[in-house]
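Going in written order, the chains are labelled A, B, C and D, and every chain counts its residues from 1.
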């Protein structure tokens, strides 16, 4: 991909909070990878995994409908997002609307209330899928100027980045549900070592962890354990909710299980920013990790 | 055969030359054995080697080449010559590859192989061909259901005239009563139209097919190529000659009155799948009680099937048939709530699609055992998946999916005494069916499982009127690899009389049975055997001058090929014969023989082996090995270079049933120290392709014990063992252990007498 | 009608497994000329790789032996191994089939003396043992091979090993320049009996086939139990050769699954019952757990199920395991829900057997001409219309067990002789 | 929002409820394909937190056990990992069904105090009010909904987390982020809710 390719960028609510460092690092590396990100106009929440409960099915889909409508106005280019939940909802909604005429009618009727419409189709893509299918690993390797040699990384993919769309045609068939390789490939491309890590698609508890951590701490514990066993210096993930859950619950886990976890959890995009020789704070946003990724900070310019 | 011109050809290839002194073997043949032509060759199966033999044959100097090289199981094509009878002496697998090179014992073994080969040649003649007169190529099909109709059309399409006999007034059997049939073509999703009517039209329009309805078979005699059948139609009786018989008598539903525990009889609205099928075919499903169309219907699967108290087997078709009926009910009444209560849902293969279709249609599947069906139609189910007992009230109809009972006998006829006796005496593999989930049945006598009803063909055979049956009442065969292997040559069963199967499979089965029927007819025309000794032209000859009419041959023939005339003399129906030689082994006066396989031949081979004297410390043990399993296992032992005991001498036999006890007593009188029969598995899961050869062999060996004792010998010196063809690694050890045991007894005192 | 008769009464059978061998022998025994093509070096196909048959637990080689004896007697039956079909032209009564014969590097002079195998140390994966063991680069397909003739592995060609192999043969049977050959066959009918391939277990992601050597497939289990297999028939843990104390069989590994094979492969339930019997024969104190959705022991085979089920050491668990992991000690661990007890289990085993399904082997020289109707899975459908000159048989026509395949093949033989018209 | 499902019938295996689920629950039309293999329940990361698990829940729906289904803990413990959905051999979107059953149970007033329900309330409040979820306010509201005691307990429990989030600028303080056209969004959502009622199929079909 020689000249840069334009995408409509949907940062999602977490970009304004817990996932701010994903947003920052992603925006930083994009140009280096020949990706132009144009923020989605007046974007709104995607509904996450609970929106439908209080809002109802159609209203919840309408949230995505509104974003898609804005994207349509913004141009023919694909939509890209770095957030797993935003991807899941928006991609899912787009696919449903595409295949379900009745739903499209209803959504448009609802959008009509704000004089908006979504009568075309926009493809909604995950940033990782775009890097695999559009950018390509070679390009990533070429861009690396500051290889993360000697850093051992556990690539933790989580769930929604690959399930349920990674193996589907609409999802770009970019990897598998149970044993995805793209993240390890990213890590290796950055010059770091991807450790053997067989819980890469284990669940962190998702929103249940936010509501009822007592029920899911053991899941997160396993994710940490395996990473430590494998001798990882840092855990890397594409998913904001995974990043927050796995990072912020370490004290609680230590308290409950008498462990002493203190392993940094970063985004692949932060790894790339450092490996691309960019600024550790401004670009890689390493300052936004609660548990500092020392080795990365040392590497970073 | 007028003048025998044996020639011995010793191959030195494949390590034989290194293992033994072939020169010595050559001179043994030309010297002691006085064989006019004796040669050795570096590579006998090479063009040059074969040419050497061909030249001798062309010259007229040799007509019985004794190929002292590899096993008879290889290079068969190279060593068969027109106008000559080949004998194979196995120097490779059984000597060079199985014994240490250069040792005296190895040389002795090789020499004995030559001696046995020459002896065998001296008793072999090319078989005289016997072809019966007045053969028919017509095929009789018994049973006019869809299986029989298909059989008739297939036979006709293959150029054979057909006589189709149906007991009832109409063709079509049960399948004519079906409204629709299960799908067997893509997309395998919807019930398809019943095409039996079209099938009947085609049969009736086929000039090569003669249909006789309301007709039964009173008697069947004769043999493949010329079965004589007498047919009865009311008062009228006719006689027909046919070349082969296909039995497609199908099935009947299990008697629902035995299913009181499932509510049958308690309410008119508890019906069988058959009754429901009748409703579907005639104006829709109505409650018998009030004529109303039911809205809540439950199907109870395995009603009688898979139940040790009723039918131990799975009737196969009930799951699919019930799904079909459920879909039909839903098609007629989209609001109907249809429940299918199963224990294991069996829609194998692409029928899984049919299951999916039913699910898509909203038919509800429940896994569990039905405990009771009340007169108010309340079905009480142990719902395995909810983990609780569920009372289903408010149903309007309960359908019992009753199973299939094979018509291997005619329930409208009464069992004849000798029929019951036959079934009691003939070997009818009980396993695994009768014992399935039924501890008592394991020890129950077969007669306990004798099906009711009379014989369908009423065979005028010494072995009785019935087609042999398996313990569950289904007809043969119980062979996995040869489903049409029959114990009554020229008579082949197909369709549900053989195994529970649906219409589509039955149609295919019919075609298979017809092919075997055609083979039987062609076999009879050429005077040759059918499966498994296909092409064998030899047949047993009876020296009636010394026959004592002891009837052992007629009783023991596994195929009912030998009858008795009114004076008790044995009468062979040659084309029924499968050439196993069981009669030959049975004959106490050894007056039954084949041109190319006879008592004297093997006796001479046994006698040809050189017995070292008692001071040599060399034992000799005779092994008679079944050529289908034991002998190949010994070959493969050689191929794997396993050592074969130096003191055994092996003679392959057609079947252990053909082993004459004379051979054993001969062996001991000639100074052998032990004798062993090696055959395949006997009993319920028998593997003997001549049905009971290895069993008979074992029984005869028990009796030989007495003979041995009369000779003041330990009866442990004679033994029958079962080995399988896959025992190449084990067979050597079995032999070694036996030899050790014999050594324990010491040498046979008769040596040197 | 004279001029409309078939130009050839020869019957071609494609595939030398139990179905193809049966179709060929049965047709030939009615007097017609038959040519039997087999893609591999020996006849027998998948059944030759089986240890025993259900329900009798008898050995496939027994029936094959009888069939091979029949073949030896049939002068009108020609067997060509290493052969597959490149192209089919024409229609019923007069097809022209071009046949590719792959290089075997060993000609008819071979006496199976084995000197070539002794001469080389080079080893290749044994396809016959489904990769569970190695075999010499010059090898006999197996002890019961028909034809009884060696093969040189293509891997050896062009290496010094090949020259050693050639040098060792006294009978000029090794031909390193063998390029294979292509020839045309004129025939009146074709029986398509190309059989099946095991479903690729790697595709069953959550079962992690590659994670441990102690996770094997049902076809590998057959080799493990076979006296002629990699362990001389001892069923042990491939990882360390230790005896097994606990064995799990996972049914429907691929079958009845819209992500893999939507149909039921029919044989796997009975296959696993058979495997349970193998294991129990070898170990008195072993525990076998069979995880299933529906136990499909159709018709009289129900009895076999009952017989195995009567064994207190064989357990049946109605559950499709969700995943297989490997614990710290290297044991495969099954995770799932027991649908009857609602227990969420997490059980380690010494050996896990995936009962993978059958998919039609319709590729790589075994693909039938487009004129033959297929269903969406690739199974061949007997043509209703069409000229019916190409007849599917055995598993090429649908998932069947051995007995049903033989039945299907015997029927196909009849269809074939019907297609070529009456023997003149 | 949707018409009430039929009353739970006295007898088991009344299909009216199953049919209501088929017609009203997202993914419900696929539910009849379930062959009860257990793949879904076995794949669930916190299946141990579920009383029945999806597989049995589907059987209970067939059995017409409406109340047991809507009172089940199963529908409230889905982590949305989608393992069940991608592994289901019958292609049933298990996750969607379970999540929508939760929604329906709220609609039908089965649950008041279930944490998720409160969380969802808080979440939706934020989404509706600002067009975006403000994690801080939402969380606070969620804690509040548990009552003062719970609020204090949980807030203190998570204080350290909150502080570090603030420190790393991952939880901002001050006015919540708002989209420009909140009015338009609310109109859209209101309309959608209205359509939902209009479209939803009734009880017993």
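Some notes on this structure:
Here, a contact is a pair of C-beta atoms (placed from the backbone, for glycine too) under 8 Å apart; a residue touches a chain by one contact, two chains touch by 3 or more.
All values derive from a computational prediction rather than experimental measurement.
For the pairs A-C and B-C, the larger set of C-beta contacts lies at B-C. Placing every chain at the mean of its C-alpha atoms, the farthest one from chain D is found to be B. With centres taken as mean C-alpha coordinates, the chain found closest to the middle of all protein C-alpha atoms is C.
Here the spacing of chain A and chain C, counted between their Cα centres, is 46 Å. Averaged Cα coordinates give chain B a centre that lies 24 Å from the centre of chain C.
Centre-to-centre separation between chain B and chain D, using Cα means, comes to 63 Å. The geometric centre of chain A is 66 Å away from that of chain B, both derived from CA atoms. For chain C, the set of residues that touch two or more other chains comprises 206, 256, 294, 318, 323, 339, 342.
For chain A, the set of residues touching two or more other chains reads 177.
Chain B has residues 345, 356, 367, 385 in contact with two or more other chains.
Under the contact rule stated at the top, the pairs of chains that touch are A-C, A-D, B-C, B-D, C-D.
On the chain D side of its complex with chain A, the touching residues are 1, 26, 45-46, 49, 77-83, 85-87, 93, 95, 99-100, 102-103, 106-107, 115-117, 119-121, 123-128, 131-136, 139, 142, 160-161, 164-165, 167-172, 177, 179-181, 183-185, 187-193, 195-196, 199. Only residues 176-179, 198 of chain A touch chain C when the two sit together in their complex. Interface residues of chain C facing chain B in the complex, by the touch rule stated above, are 18, 26, 29-31, 51-70, 72-74, 109, 111-113, 140, 143-144, 148, 170-171, 226-228, 232-233, 256, 262-266, 294-304, 306-307, 309-310, 318, 339-342, 375-377, 379, 381, 384, 398-400, 402-404, 406-408, 410-411, 413-415, 417-418, 422. Residue ranges of chain B in contact with chain C, taken from their complex: 13-15, 43, 45-46, 70, 73-77, 154, 157-159, 185-188, 306, 312-316, 344-353, 356, 367, 384-385, 387, 431-433, 435-437, 470, 472, 474, 478-484, 499-501, 505, 508-512, 514-516, 518-519, 522, 530-532, 534-535, 628-629, 632, 636, 639-640, 680-681, 685, 687, 689, 724-730. On the chain D side of its complex with chain C, the touching residues are 35-39, 41-43, 47-48, 52-53, 55-56, 83, 86-87, 89-91.
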